[in-house]
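Here it is: the structure, laid out below.
Chains here go by letter, A, B and C, matching the order in which they are written, and residues are numbered from 1 within each.
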Amino acid sequence: MNAATDRYMRLYRRRKLKDQMMTALLRLCVVLALIPLVSILSYVTWRGIGAVNLDFLMKTPAPVGASGGGMANSIVGSGIVVGLAALMGIPVGVLAGIYLAEYGRNNLFGKVVRFLADVLQGIPSIVVGIVAFTLVVLPMQTFSAFAGAVALSMMLVPFVARTAEEAILTVSDDIREAAMALGQPRWRVILSVILHAARGALVTGAMLGIARLAGETAPLLFTALNNRFWHQGLLAPISTLTVQVYTYAIAPFDDWNAQAWAGAFVLLTLILLTNVVARTLARSKYGERS
Amino acid sequence: MTHEKLETAKLGELAFRGATAAAASSILALAAVYAVQMTTNSWESIVRFGWDFVTGTAWDPVSDVYGALPFIWGTVVSSLVALVLAVPLSIGLAAYLSEVAPVRIRRIVEFFVELLAAIPSVVYGLWGIFVLVPFVREHVQPFLQNTLGFLPLFQGPPFGYGMLTAGILLAIMILPIITSLTREALHAVPIAQREASLALGSTRWETIRHAVLPYNKSGIIAAIVLGLGRALGETMAVTMVIGNVPLISPSLFMPGQTVASLLANEFAEVSGGLYLSALTELGLLLFGVTFILNVVTRLFVPLVSRKVGGAAEGRRQLT
Amino acid sequence: MNLFEQRRVNENGRAGSVAVGSRAMTLGSAAVAPAPAADIAEVSSSMRAASGASAGAAARAQTSTAPIIAAENLRTYYGHNEVLKGVSLKLPQRSLTALIGPSGCGKTTFLRTLNRMNDHIPGFRVEGKVLVDGRDIYAPDVDPVLLRRRVGMVFQRPNPFPLSILANVTWGLRGHGLSRKEQRERAEESLMKAGLWDEVKDRLKEPALRLSGGQQQRLCIARALAVRPDILLMDEPTSALDPRASTKIEELMLELKKEYTVVLVSHNMHQARRVSDQCAFFLHGEVVEYGPTEQVFENPQDERTSAYVSGRLG
């Protein structure tokens, strides 16, 4: 065997070994990435389920020092704040998405809005909280459910706008043209035909948006604040599940910590369920995009 | 009659289009509101302290002296730790998903990565306090001390709470976004590049390393920068594990404080005046940096931005 | 010993080393190459078959038209879709075989089974045999990397790497253990063979993507030649090029087939006729007719072939 071949084969043995090692390393990345996921899910389930009980789901927090109590007010509060944010944010977001997909595909305004929508999604949520604080809490001189909802809806609008745009763009132009050829004005076509065709993807996007809001804490810390009692109107501070979990997690009492796990369990269940449902919906209805 | 009908139709179109354009403008307005509100509300502090605000080390609401350096330090260091850990892992994971994994496994792993992205940061924080902090204190820190203890990075008592733990937690949290953006970047590499490499007798790893990853370097860098943006602004999880002590220490074992965690701790207590202004300026700093990072990467790197929103979904297999 | 050794010895004096190199690439088996035992043990995952010696010897005894590639009742599937339905073909060495046939009949698929390029497509499956130098390349002990090192490929669209011209040509030499100087020489040699040297010798450091389409395609040919394959697969290499660039590549093919076994997929009847020695007509995943090019075009045995070559069947 001559030198060149010899060298090639010798090197090839090394190359092959390296190939196998690196492939193994790539697989190891998967394992490493999944360890925290598994750990988080199992801890939250294990410590959470144990602490969830009827009191937890039905009662407000017990006074400091007393044991028992629950997070019922926080669960309801989260529902109120997120619901209000969705009410304010989703229509605006969807309309903006319609603009981007239908009227602003290529014009400068559309491009700028699309760009900013993406950029705004990268702004830390604590910053959103500060802006909402200066916009709502300062002038009204009170922390409030409303302020929290404003903060969340500020995060929701860009997200929904972009998902709605994507959803509408999946509707093929053929449908658009076919409907317009029937002599319908464009806005009618959009409202009746296109939104109808895109409704599944729109719902999916909205659900994902809501699931994200439900998990937000930072923008609520100094807008909605917290409250030990049942909600007292939209203009009063309100308790939310995330802020309550935070408060109880850093508290030095074991039973509060336990309740924090229970709250995390409830929160995570709701969010993951919403996510899974939204994504299966998207997959089953629209198939794999290839 | 027909004429009238036409007019109403036109009017309807105009009204609808106007409504959508107004909604779109609200996004523009939102960006403006961020900038204006943050700037005006921190103006007092900006004028009062100038650059001293970012170089000063004393943060004292009682005597109204505000220097943010320890928080900037904490933010930068914890984010860098996160990047050091998350970048190789995410790129490896993305390369695995796009170049190695069979379709079925790919779907499953992608689903799990999406789950990781969906977990709220307060839950990360809770897990951080009760699982990660003890683990770092009892295993990671002693191990590092024994092996790399000669480095100033790994000296000091193992508290558990501190920069290192915050960095690890952040790494886990930014892993999904870097992974999915890197996936997008690899997705943009033409199959012809892979085939060219394989046809020349390259191994799969050589193809990944020399043909696929270098082809879209800018896309991968963008993924990393956007991950950094997330890490800089992450609040709750970091607040819960970093220890919240404004220290500038070379040791990653020591507690620290980030801009975001300071805001989370102190903003609700603020009554107004210079204190509020200084805190808002911290927010402005965070806003400015993340805004610029996002603008620059998105301006110079054509990204499929869909995944940034977390609305990831199955895509074509490439290998 | 095998055919290539002979061929190269015939062609140039330096061939001794090259030839053995290429032999080891394909066969590398104990029976053929008296390699150190350790070598074989390690590499044998790719090449353990024992048939090498006798096959090689037998082949050597024959003329240069002895098959270097043989498909035996080859069936391929994409999922449930059977694309090749029992193809048997023997392609002689050091000649150019053209594969013609209407779109979708499986020419590309056939070509890509010859260097196992389809391995990466999910759901792809092969039945039957493909023998290269008498060795079944789909046998479990064959390493596709070593196979591809021997069976080069040129694609329909030029696909240079976004690197310099030089870096493109030397790209496949990673792992050949060549010094910088040797690589440079190899690049020059390949670029000359690909007829590109004169056009690029002063701009080797320039980005390859700055070349014209035709030049890019010749660069891809040079890149494939640089690793010194024995077989060159070309899938419609001129279909993305203008007529003048195509002519250049056709001329190149005539040169290449003196030294390499070339398999060409072409949609261009004139091209196939001009450059090929034998021609296979594919239809719906089957080989309808295979024979010397002249016969296939002048005197086809099958009605469908004559319909196709005369342009009556698309």
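Heads up, the rule we're going with is that a residue touches a chain if its C-beta (ideal position, glycine included) is under 8 Å from a C-beta of that chain, and two chains touch if they have at least 3 such contacts.
Note that this is a predicted model, so its numbers are computed, not measured.
With every chain reduced to the mean of its CA atoms, the largest distance from subunit B is reached by C. Distance from each chain's C-alpha mean to the overall C-alpha mean is smallest for B. Separating the CA-averaged centres of subunit A and subunit B is a span of 15 Å. Here the CA centre of subunit B is 49 Å from the CA centre of subunit C.
Centre to centre, using the average C-alpha position, subunit A and subunit C are separated by 52 Å.
Shared contact sites, meaning residues of subunit C that touch two or more other chains, fall at 145-146, 175.
The set of subunit B residues that touch two or more partner chains comprises 203, 206. In subunit A, 15-16 are the positions where the chain touches two or more neighbouring chains simultaneously. Subunit A contributes residues 1-13, 15-16 to its touches with subunit C in the complex. On subunit C, the positions that touch subunit B within their shared complex are 115, 117, 120, 122, 145-146, 148-150, 152-153, 155, 157, 159-162, 171-172, 174-175, 220, 223-224, 227. Put simply, subunit B touches subunit A in their complex at residues 9-10, 12-13, 15-17, 19-28, 30-31, 33-34, 37-38, 41, 88-90, 92-93, 95-96, 100, 109, 111-116, 118-127, 129-131, 172, 175, 179, 203-206, 208-209, 226, 229-230, 232-236, 240, 260, 263-264, 267-268, 270, 279-280, 283, 286-287, 290-291, 293-295, 298-299, 305-306, 308-311, 313-316. Here subunit C touches subunit A in the complex through residues 16-18, 20-21, 23-25, 28, 33-36, 39, 42-43, 143, 145-146, 175-177, going by the rule given at the top. The touching residues of subunit B, when paired with subunit C in their complex, are 102-103, 190, 192-203, 206, 210-211, 215, 317, 319.
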